[in-house]
Amino acid sequence: MADIKIGAYVCKGCGLGERLNTAQLMTVAQREGKAQVVREHEFLCNGAGVAMIRQDIEKEGVNHVVIAACSRRAKTDAFGFEGVAISRVNLREGVIWVQPDTDEVKEITQEMAADYVRMGCAESARMNIPQINPGHGNNKRILVVGGGISGMTSAVEAAKAGYEVLLVEKTAALGGWLAKLHRRVPFHEPYADPIETGMPALLKRIESDKRITVYLNSVVSRTSGAPGQFSIDISKESGGTTTENVGAIIMASGFEPYDVKKLPELGGGKSPDVVDQAGLEQLARAANGAPIRRPSDGREIKSVVFVQCAGQRDETGKNLPYCSGHCCNTSIKQAMYFKDSNPDVDAVVVYTDLRTPGNGEDFYRSAQRKGVIFTKGKVSEVVPGAELQVKFKDLILNDDAVAKADLVVLATGMVANSGVDIDAAGGTPNVEGQDQAAAGDGKVVSILNLTYRQGKDLPMLRYGFNDSHFICFPYETRRTGIYSCGPVRRPMDIVQATEDATGAALKAIQAAENAALGRAAHPRSGDLSFPAFRREGCTQCKRCTVECPFGAIDEDEQRYPLFNESRCRRCGTCMGACPVRVISFENYSVDTVGYQVKAVDVPDQFSEKPRILVLACENDAYPALDMAAMNRIQYSAFARVVPVRCLGSVNTIWINDALTAGYDGVLLMGCQKGENYQCHFVKGSEMAHYRMSKIDDTLKGMSLEVERVRTCEVAITDIQRAPKIINEMAETIQKIGLSPMKF
Amino acid sequence: MSERNNAMVEKYRNDFLKEVEANVEEGPWVKMCMQCGVCSGSCPFGPYWEHPPQEIFMMIRAGKRDEVLKSESMWMCTSCYNCIVRCPRELPITHIMHGLANYAHRLGIAPKMNPTRRFAKLFWQNIMKGGRVNELKLSVGLYFMDGFANGVKKGLAMLPVGIGMFKTGRLNPLGLLGGGKCKGAGDIHKMVKKAQEIENRRKGFAS
Amino acid sequence: MAKKEYSFYPGCSSERKASASNYMVSVESMCKTLDVKLNEIPDWNCCGASIGYAEGGELPRHAMNARNIALSEKHNPGQNIVATCAACWLGTKETHERLSGSAQLLADTKEALKEAGLDMDYKGDVEIRHMVEVLIEDFGYEELAKPVVKPLEGIKIAGYVGCQTNRPFGVAGESFENPKYLDKLTEIMGAEPVEKYDQKVTCCGGALAFSEPDKSQAQIKKIIESAYDFGAEMIVTPCPVCQMNVEVYQDQINKKYGTKFHIPVMYYSQLMAVAYGGTAREAGLNGNIVRATRLEEIAARPAKK
Amino acid sequence: MAGAVATNETILVVGGGISGMTAALEAAECGKDVVLVEKNPSLGGRVSQLYKYFPKLCHPTCGMEINLRRIKANKRLRVFTLAEVAKVDGGPGDYTVSIRLSPRYVNENCTACGACAEVVSAEIDNPHNYGLSKMKAVYLPFNMAYPQRYVIDQSVIGTPDAEKAKAACKYDAIDLGMKEQTMTIKVGAIVWATGWKPYDAAKIQPYGYDRFDNVVTSVEFERMMDPFGPTGGKLLRPSDGKEAKNVAFIQCAGSRDRNHLRHCSRICCMASLKQSTYVSEQFGDQGQSTIYYIDIRAIDRIEDFYAKVRANPAVKFVKSKVANITEDRTSADVILHGVDTEGYHRYDNRHDLCVLAVGMEPSVDVRTAAATVHVDASGFVEADPVNGAIFGAGCASNALDVNRAVQSATAASLRAIQVINKVSGAEV
């Protein structure tokens, strides 16, 4: 630490010079902040200001730069110095824009600014410039698990970009469900007729691509390591295991159709002439353009009824609650099989909502043109017999109706092949029986067999799907470097699966590339810091391994946490979890924040100047406060806001320290937790709330009122509400009085 | 008239739909309806329809032959074309309604006493006389449609209207004797007869 | 401006002593001012109107219209056919479109036409136009404003477009729900259009005014009531069926609903004939059952220019 | 600026909405050089104008903050705003693109202190609020605008206001002499992510958007919920500022309609379901939503959200394409006419406000810049070999929700990388 040289730069622009005594701030930086170089500038972010700092870096050897100007969210281009530690002291959005420009508050505004300068210097002094994680791997091969259309697409697309691919398929052939189709739904104009599946060409493409190695009759029996250095066991059905190294993994393990036998009321399993959509494909392939014949007696089918949403969108809880998305178009396509071979066949589709988004609408029209009849109705029963009877309520004609048919097709849903539900013990709601369906033989088989402390497969989101929870970041699974795609992540059609698989291929490539450079993946992409831990202090409490939202931490043979840096997303939840404070990042540590808390000047009990510590998530709450400032929404001048990477990284020692130091209130502002969590690190905010739910005892132990600490969910749009929360805390303090803990 | 008319129509089979496609003006469009209901909501006489157009299309698809053809509904069409211009599927609904009415009328199963059916018949006879409308004969014919006594009553009710028209020179008092006639009326008769023959042949009607 | 010539299909209601004879009178006067020559299609026949379908069916109806088109082609070659009546225009235009869209229908129609002695090519290369299209497209509002010598100052007029001039074909550039051309015509004639009038395109019951009088009159009531609500002194329309339905049943509606309707219902051509300096007779004002006294007064005044 | 360094190993991303930002970032984070151009003064696109996303009801700016931070942190990604692609020449691996740069009249000295806006009096329609409100003609487009730099509207150039603004700026950030420029760059591949625009609601004449104050579009309704939007975050109807407690939503306003857009725009059902929660959010039990629909298209696991909304007694569903709307002359309430087709029930329903769930159409015709690119009947870029290395992404390629748009953009990004890697001969 000896060679840290802090340069503190105070900007006088944007009204800072008029509103604040910058000379005093410089003195604070120098005397209290121990900055060796201190300068002010009329307009720090312009060419001359930036050049001044650069010169100090180059000539004066300044390596820790404290910029006392605007928010860390502003002017990033100007202040983006490389190779130095940068702390931003937010005097503009954090002070003068949230305080009125009046003489009465001039003093406390100045105090606020001075505190922030102290905090910035304190942070800077404890920061290190991150060095690349020495344990990173640089394998860039991509493993794709599953040889259906999703997996094949991922493989081809990654190979096209120049990457080597291992494609593992558990059956004897590639192709998955697509290979079993007679035709597929069109994905380009004209959206009029079923089109060739394109499977032979795709197979050929894979066969001839030297970059792709295919493992058939094989499963992944072990996955360990981290992005850039995964170690994989590929086991053949016939025995024999190969160990391979890969940089990233794509899980494209697909789906199984919902078992029709679970729909006896719809004739499922009761008549050979009641089939699911996959069953119809089989019949259509057998007919190959000639009239389709029915299974029971081989008779040419003259009438067919398609029952949409069979066992789907079920509100009773008996069957699948979701919509599988593709089935309307699939039934339309299948009805066309009949109409195209013989226009006189009666083909009726009974639906409740016909769902043909985008140009599917053209396909729908085309089927109508061919004479397929669409009836809005709810099917209650399919009566087996030589002539099947479909009983339904015609919702348009408000009639109880019966349609007779030679064949009934049940449009059942997709069940994800997502392996072991690692959260099942934790009580994640699950659809009854789906695991059995997925495994076929009643036993759930893991797809990845991860050796991770937190379980064998990817965490599921809902109904067994591996989808990401995020709308903006659909690829963010909770296992770094492992991306799921295709119907294993949510029900989808072939077109979407292909897009998804292509996107997943990019993410896998990106994960491997970044791992090779020792960088973090989303959302802190590019971050070089990683958690370091002081082994001698560790009590092996396992909180970090359990709480890491990304399963990055395993345990070694001696039961110490084993950090897989390349799996880490740098959120700091482990740091927040650690009761003995042995986990920190080089540029973000228990100390960088802790010393900021301690740096604040806490006036005595009789000053009527309380101090409120606001620990604000840098992703949402902090920007909200920034934008409040841009709109000149004011809040208490007694607040001292410290941005944190995630509320999950908040270590309770900071709160303890603050309270002992005489702070009068502590506010934690994080993202929404729970089912619709908005926390970018999934569990961070939730963990923080959980930890803070126990703070009351601490407060009572210190004879402090419980109201002094509040944890709240703040969205980035809470531009008006976030300042209000701060002001409410100030009012609370006014009511209950200042903390007696002051010296 | 066609023989297949009274054949058993299977529900939710396409028999009736196919019959409509073959015999009803613009009938092939019926299958294109997506049941949005904009036509039904757009019809100015909508409230008087037992089955509005979109429902009729569904009934045709459901094979409800009698309920459709015997219905008074399509006789309510005022030919305002609201449904056509609003239909998201561009169905020529007005024409389909006309076509269905015409078809039912031809089959002889349209409601016998429906006033529009009767007026339409009268109208056609009127124009067939001389190739053009004779408005006086048309209105007199209309009033006496239900017999002499009724006609006098209706005629009396309409008398002020008629007098107004006479007075302003917009109704020819001598119209009953003739007037409004094409020179080529004979040709027109022959032409229409021929057209009817062709249509019957195409649509499988007995002439 | 050079003289414009059109093949003209007046239609049954425009005949002398027929229900829209006053329309015809005013059209003649208007055309005279605008230097338009209308060449009547010799021996034209009825279009079948909107009620012809039931007894007439499909092909006979098209044959009737095709005969008119064929006669026009024969006698007024190369001239666009202009109709003043909405139903005539619609029926003819529809046949025209259907024949050009179906070879089968065209062949069948030709076969039928032969029976009427019209053994000729059906070229179908002319347009079927409504008189208002001619005014708007071939003249334009600016041009139409020029001959105004007696601006219809201070008269508030509701433009009732109705159905068949408006749908399904309509006038290019106008919306089906809120056509504005009558308002614009009214405005350039110096009167004050009631632009917010919200029953512009409400159906008057059309041909069903005869067979379903109660239902039609309920429609007509809405049409008139709104005109009154928005302060209109008269209604203007481009359609003979609309004109008659809205005008002649006012007394019956008054009896049925206790209203006090007494509002003149004019043709656009009547407004134009007056504004162009025509006499009440030339504008066919004497043909209105509910007299447009304000227009009669203006017609009686000396011209401004 | 006009001399941006780009080579045939650079990827050009056109459009700075969620799809373009994603495509650009994903490529840059794979180590590729990327130029991102956006025609507006700020990145963000349509999603920045949304209050919440379905089905999570989270806020779009939340993800945007992350994306902006990624952009700020990535040196391989360069952003040009007020930039439009005028012409694309060449072929895969070797494109020459001319980019038209409109003047902002504010340079990078701007600190976004806002002093310029304070002194200006001229006002213009606020495009961020779809013109529902006015703003100063010297402005920061919205709170999260990036670059965080003011813009001077063309209309005040040459007026005293412009001079006043210039005089107010202490940092020499205003340059009234800026002119339109054209920048020509070489790139190897292009991701076309120009997004969508709402279908022109005025064209749907039966609904009277152009005639009735209280008929608004779904995108406008979205703005009403923003505390910084035209109504300060309150659902107030335009005619009289009354609280809109009884709201109608009309689905397929333009979509699935041969008279308008032939395709289904996919998002509108979900958008209305989402917006019905706004009504409940503001008025609790007092709020009433009625959704008029043909088919509710809550695809895949989003069905959950539909089920949740359906369970709310304050939301009614009517299976009906509304025939037309009339306006009550005195109250300016809107009256929706039509038929509930489930069993044939005729209605004339009065509502405080009617929201048209307008469809999506491509915001830019790609062919104006690159004539040979294949588009479908609605103008969306359709994948086709003739497109060379121009790849459609997000809503420029299809009517997509945000999630799918991002997937599409990520996929397009890889396709572009494939071309670049071929050019550079990169073997991994």
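For reference, chains read A, B, C and D in written order, and residue numbers begin at 1 within each chain.
Note that contacts are C-beta pairs under 8 Å (C-beta built on N, C-alpha and C of every residue); 3 or more make two chains touch, one makes a residue touch a chain.
What you see is a predicted model, and the numbers here were worked out from it, not measured in a lab.
Here B-D and C-D were compared by C-beta pairs in contact; the pair with more is B-D. Comparing the centres of all chains, each the average of its CA atoms, the largest separation from chain C belongs to A.
Of all chains shown, D has the CA centroid lying nearest to the centroid of every protein CA atom. Annotation: 50 Å between the Cα-based centres of chain B and chain D. Distance between chain C and chain D, defined via averaged C-alpha coordinates, is recorded as 46 Å.
Between the CA-based centres of chain B and chain C the separation comes to 23 Å, rounded to the whole angstrom.
Distance between chain A and chain C, defined via averaged C-alpha coordinates, is recorded as 66 Å.
Touching of two or more other chains is recorded for residues 176 of chain C.
Each of residues 206, 256, 319, 324, 341, 344 in chain D touches at least two other chains. Shared contact sites, meaning residues of chain A that touch two or more other chains, fall at 354, 376, 396-397. Under the contact rule stated at the top, the pairs of chains that touch are A-B, A-D, B-C, B-D, C-D. Within the complex formed with chain C, the chain D residues making contact are 205-206, 208, 210-211, 324, 326-327, 329. Across the interface of their complex, chain D is touched by residues 34-38, 40-42, 46-47, 51-52, 54-55, 82, 85-86, 88-90 of chain B. Of all the residues in chain B, the ones that touch chain C in their complex are 25, 44-45, 48, 75-76, 78-82, 84-86, 94, 98-99, 101-102, 105-106, 115-121, 123-125, 127, 131-133, 135, 139, 142, 157, 160-161, 164-165, 167-172, 175, 179-180, 182-184, 187-188, 190-196, 198-199, 202.
The touching residues of chain C, when paired with chain D in their complex, are 175-178, 198, 229. Interface residues of chain C facing chain B in the complex, by the touch rule stated above, are 12-13, 15-22, 43-46, 48-60, 62-64, 67, 108-109, 111-117, 163-164, 166-168, 170, 176, 202-203, 205-208, 210-212, 215-216, 219, 248-249, 251-252, 286-289.
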